Amino acid sequence: MTKETQRVGRLALTPAVALLFIWMIVPLAMTIYFSTLHYTLLNPGTEAFIGLDNYYYFLTDPAFLYSMRNTLLLVGSVLAITIVLGTLIAILLDQAVVGRSIVRLMVIAPFFIMPTVSALVWKNLLMHPVSGLFAFLATSLGLTPIDWFTDAPLLAIILIVAWQWLPFATLILLTALQSLDEEQKEAAEMDGAGAVSAFFYITLPHLARPITVVILIETIFLLTVFAEIFVTTGGGPGLATTNIAFLIYLQALIEFDVGTASAGGLVAVMIANIVAFFLVRIVGRNLDA
Amino acid sequence: MKHHIGALAGALSLFAAAPCFAQTTLTIATVNNGDMIRMQGLTSNFTAKNPDITVNWVTLEENVLRQRVTTDIATKGGQFDVLTIGTYEVPIWGKQNWLVPLDKLGASYDAGDLLPKIRDADTVGGKLYAAPFYGESSFTMYRTDLFKKAGLAMPNAPTWDFVIDAAKKITDKSAGIYGVCLRGKAGWGENMAFLTAMANSYGARWFDEKWQPQFNSPEWKTTLTTYVNLMHDAGPPGASSNGFNENLALFNAGKCGMWIDATVAASFVTDPKQSRVADNVGFALAPNNGLGKNANWLWAWNLAIPAGSKKVEAAEKFIAWATSKEYAELVASKEGWARVPPGTRSSLYQNAEYQKSAPFAKLTLESIDSADPNHPTVKPVPYVGVQYAAIPEFQGIGTAVGQQFSAALAGTTSVDAALAAAQAQTEREMKRAGYIK
Amino acid sequence: MARRVSTTHKLVTTVAAWIVGFVIFFPILWMVLASFKTELEAFAIPPSFLFFHWTTENYAAVQERSDYLHHAINSIVIAGGSTLIALLIAIPAAWSMAFAPTKRTRDVLLWMLSTKMMPPVGVLVPIYLLYRTFGLLDSRGGLIIVLCLGNLPIVVWMLFTYFKEIPRDILEAARMDGATVGRELIYVLTPMALPGIASTLLLNVILAWNEAFWTLNLSTSAAAPLTVFIASYSSPEGLFWAKLSAASTLAIAPILVLGWFSQRQLVRGLTFGAVK
């Protein structure tokens, strides 16, 4: 790599880094500042410095640990579902299928819909225990319909979010599969390898990097899931579907307590950093060439 | 020469023909409920009378709207010129001088015609800070056919004991008929609106005179226990995530024997285009326990002007138009009297034609009159508001408590645990906000 | 594909794939069907599949009440504009990290992703205050800035992975022929990475199109995109599912069309993406 390339390289990177840095630092500074104030929008002019009080208040909320558990459950489950199913569907779509483009579009489609609309359709038209389609199917088969949002609310949310993100994982894995060397597969076949071991020894390693990319990008989005919860369960019943993002909303936004909202936001960032740290430890080496 | 004069004449005629008004644009934020959508549809009537004003509409669901509008007004963002706010916000914002007092709405506005309780809810320190557009209370809607079949007769002012008993008699779960459908979805304006009103009728209150939360009182325990047991015996499945809309859909599909909810629901359940049971609905007041308070609430949507607005005059014109008697006549002429926004003016309820096309009008009025925002409970309280306490912290507290009560209904926590958690949460918040030392 | 596939194998995989596709697509299909039903039927039990009273009254009501075209144009400008600008900034950045990497490259990449860690609810008020100060509220430009910077990390990441697939030797060959770095970028790199760039564009347009938090809070009426349009049909008092379905179908129609035409690109482009 020539010196010129190096120099130009640094230059080329500057706009992106500079813009993102400003985008990050200005709101971050304001947030840190607000988090040390007793600042409620409904009583402006009474701001007072209270140090770490907002953090203490947010972290000692009995709901805090529970919402952290919900957050991790939500992220972990959706990741697991989307990656496992995504891989399987990708393998299926990689086969000879008549009308493949249409099927592909059908599989991508959930990603196009606005999250709030998806959630409403799932909640009212599909999952409602009295008038939803699932209830109808259950009663036709003589079973009692599952009362999703009462008995398994977090699971219901997980299913909705997983449905929305499945296309993303499937697509990335499908295209990765399509570059898998045919000859490798044939050679393995000739050596007598069964389909299952071909999967584990050839396909999966090939998919290591795309799976890593999917994990990292999805995690970033899943940690801050909000709209689906807001529109279906409002965080309930009890705290069953309250995650950290929703807790911040509950604790702070609807009371316009900017101080606590800021503190909560920063706590969420710290948690996300910890999660990312562990993730990168586990799968990060797949990123490097 | 002729050529030039022609051109000049042409140019002058342009000036003569076009009205030289400076255009004011009003941005109006409102809820996406039927009456407001109707108001949006009738905008041309307003702009025809006021050609110098153009109107932009922003319609959103009530919680999103509230958050959006509050963020804007608190940061002085200036995005909206006319706001639609509820009787929850008016006392809080009025006290902080965030709203322009509405005393210049014109002679024909006739503020004296406003229903007294609604007017009280919008008045702070003797000044009217918001003009009511739509008012409601809550009452009992019931299926006359199911009652007849069970041999029951609904009194005009039923007691809770009667309602509970009737609900159990009517319930036939195998046929998909549930004696009573009530709100259960968590939210300060969802299940807590109903539960607070119900608690009022049981003699309970949110806070005592020293702002101490009262969830450890026997009255609240009775209220919540009764509610949970009633819903288990006679309520539909999934009740803990049913809000107004879900219950409306259930009632309209014929699955509920009774439904205690907003008076506006009456027009939906009796509309044959939406309801399968339109011809079999009767109405009664919300239940009581003989303690002098019924289990009904009071709410109004109002139009207000943010303080510091530069378009006060235009906004006043709009508000005067939308909340006037003439507006009611306009709606009546276009869609019939049943579609006029209810609950704001006495003159509407004295109108014979309105009485004819809205048979539930009288009960609606009675319900509104019986809910007093300044004295909502049996015992004295330091707050105003029937189904809420008009303090800024109430949204957060109400929702947290609502979540606990919804969990009690769902069975994931016991009634006692829910009450204890509600008490602890509320105390924590009230201490932090400085109400309790 | 040199492998011969038996007809039974093909039949099995085709049937399986179609079943999977149908199951995944079903909620959307159900929503579109609901948009043609009356409000009463949309919520009816037993639900009707195809034999119901088809009506376009919901579409008419939606069209009459809100200005679909105005919102759609805003969506196109905002989603398209923010993604294009993000691409312009990200292409040089991704090039730099793929072809002139330093030992800090991975850290920079991870740092960029970390700028998306703050839940928007936590930073609403600071951003709102900033926008108010700079007069950016309810402006298309303001929304473009938010969405562009919000998606920039994703754009950079995807481009980075595509660029890493491109063999260095071709670029170096061009350099030997005397091309400067700039030329190399424009004339050699971009054409080879076109599928990757196209797919990044599509994915981020979708993300920007559906972004509902900032677009709802930072716009009012002039710059309001389709997300606001849909929000106004969401959960009012009264039955609304048929109308909401109609509004949503209208809102995703442009994206579905875009997706159909470019899904070839999408799939092919992503090939270069996550592969090594």
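Labels A, B and C are assigned to the chains in the order they are written; within every chain, residues are numbered from 1.
Just so it is clear, contacts are C-beta pairs under 8 Å (C-beta built on N, C-alpha and C of every residue); 3 or more make two chains touch, one makes a residue touch a chain.
Only a predicted model underlies this, so the values are computations on that prediction, with no experimental measurement involved.
S.K.: Common contacts of chain B and chain C?
M.R.: Of all the chains present, those in contact with both chain B and chain C are A.
S.K.: May I ask which two chains are joined by the most contacting C-beta pairs?
M.R.: Looking at every pair of chains, the most contacts join A-C.
S.K.: Centre to centre, using CA atoms, which chain is the farthest one from chain C?
M.R.: Chain B.
S.K.: Measuring from the mean C-alpha position of chain A to the mean C-alpha position of chain B, what distance in angstrom results?
M.R.: 36
S.K.: Measure off the straight-line distance from the CA centroid of chain A to the CA centroid of chain C, and report it in whole Å.
M.R.: 15
S.K.: Would you please write down the residue numbers of chain A that are in contact with two or more other chains?
M.R.: 41, 124, 130-131, 252-253
S.K.: Would you mind listing the residues of chain C that make contact with two or more other chains?
M.R.: Those would be 43-45, 124-125, 129, 231, 234-235.
S.K.: Spell out, as numbers or ranges, the residues of chain B touching 2 or more other chains.
M.R.: As it turns out, chain B has residues touching two or more other chains at 71, 75, 249, 253.
S.K.: Residue numbers of chain C touching chain B in their complex, please.
M.R.: 38-40, 43-45, 64-66, 124-125, 128-129, 132, 137-138, 216-217, 220-222, 224, 228, 231-240
S.K.: Would you tell me which residues of chain A are touching chain B in their complex?
M.R.: Chain A residues touching chain B: 40-44, 57, 61-63, 123-124, 128-131, 145, 147-151, 153, 232-240, 242, 250-257.
S.K.: Over in the complex, which chain A residues touch chain C? Could you list them?
M.R.: Those in contact with chain C are residues 1, 4-6, 8-13, 15-17, 19-20, 23-24, 26-28, 30-31, 34, 41, 89, 92-93, 95-118, 120-122, 124-126, 130-131, 133, 135-136, 163, 166-167, 171-176, 178-179, 182, 186, 206, 209-210, 213-214, 216-217, 220-221, 223-224, 226-227, 231, 244-245, 248-249, 252-253, 258, 261-262, 264-266, 268-269, 272-273, 276, 280, 284, 287-289.
S.K.: Which positions of chain B touch chain C when the two form their complex?
M.R.: Going through chain B, the ones touching chain C are 27, 31-34, 37, 40-41, 56-61, 64, 68, 71-72, 75-80, 244-245, 248-249, 252-253, 262, 264, 268, 273-276.
S.K.: Which residues of chain C touch chain A in the complex?
M.R.: Residues in contact with chain A: 1-3, 5, 9-10, 13-14, 16-18, 20-22, 24-25, 27-28, 30-31, 34, 42-47, 89-90, 92-93, 95-97, 99-100, 102, 106, 108-110, 112-127, 129-130, 149, 152-154, 156-157, 161, 164, 181-182, 206, 210, 212-213, 227, 230-231, 234-235, 241, 244-245, 248, 251-252, 255-256, 259-260, 263-264, 266-271, 273-276.
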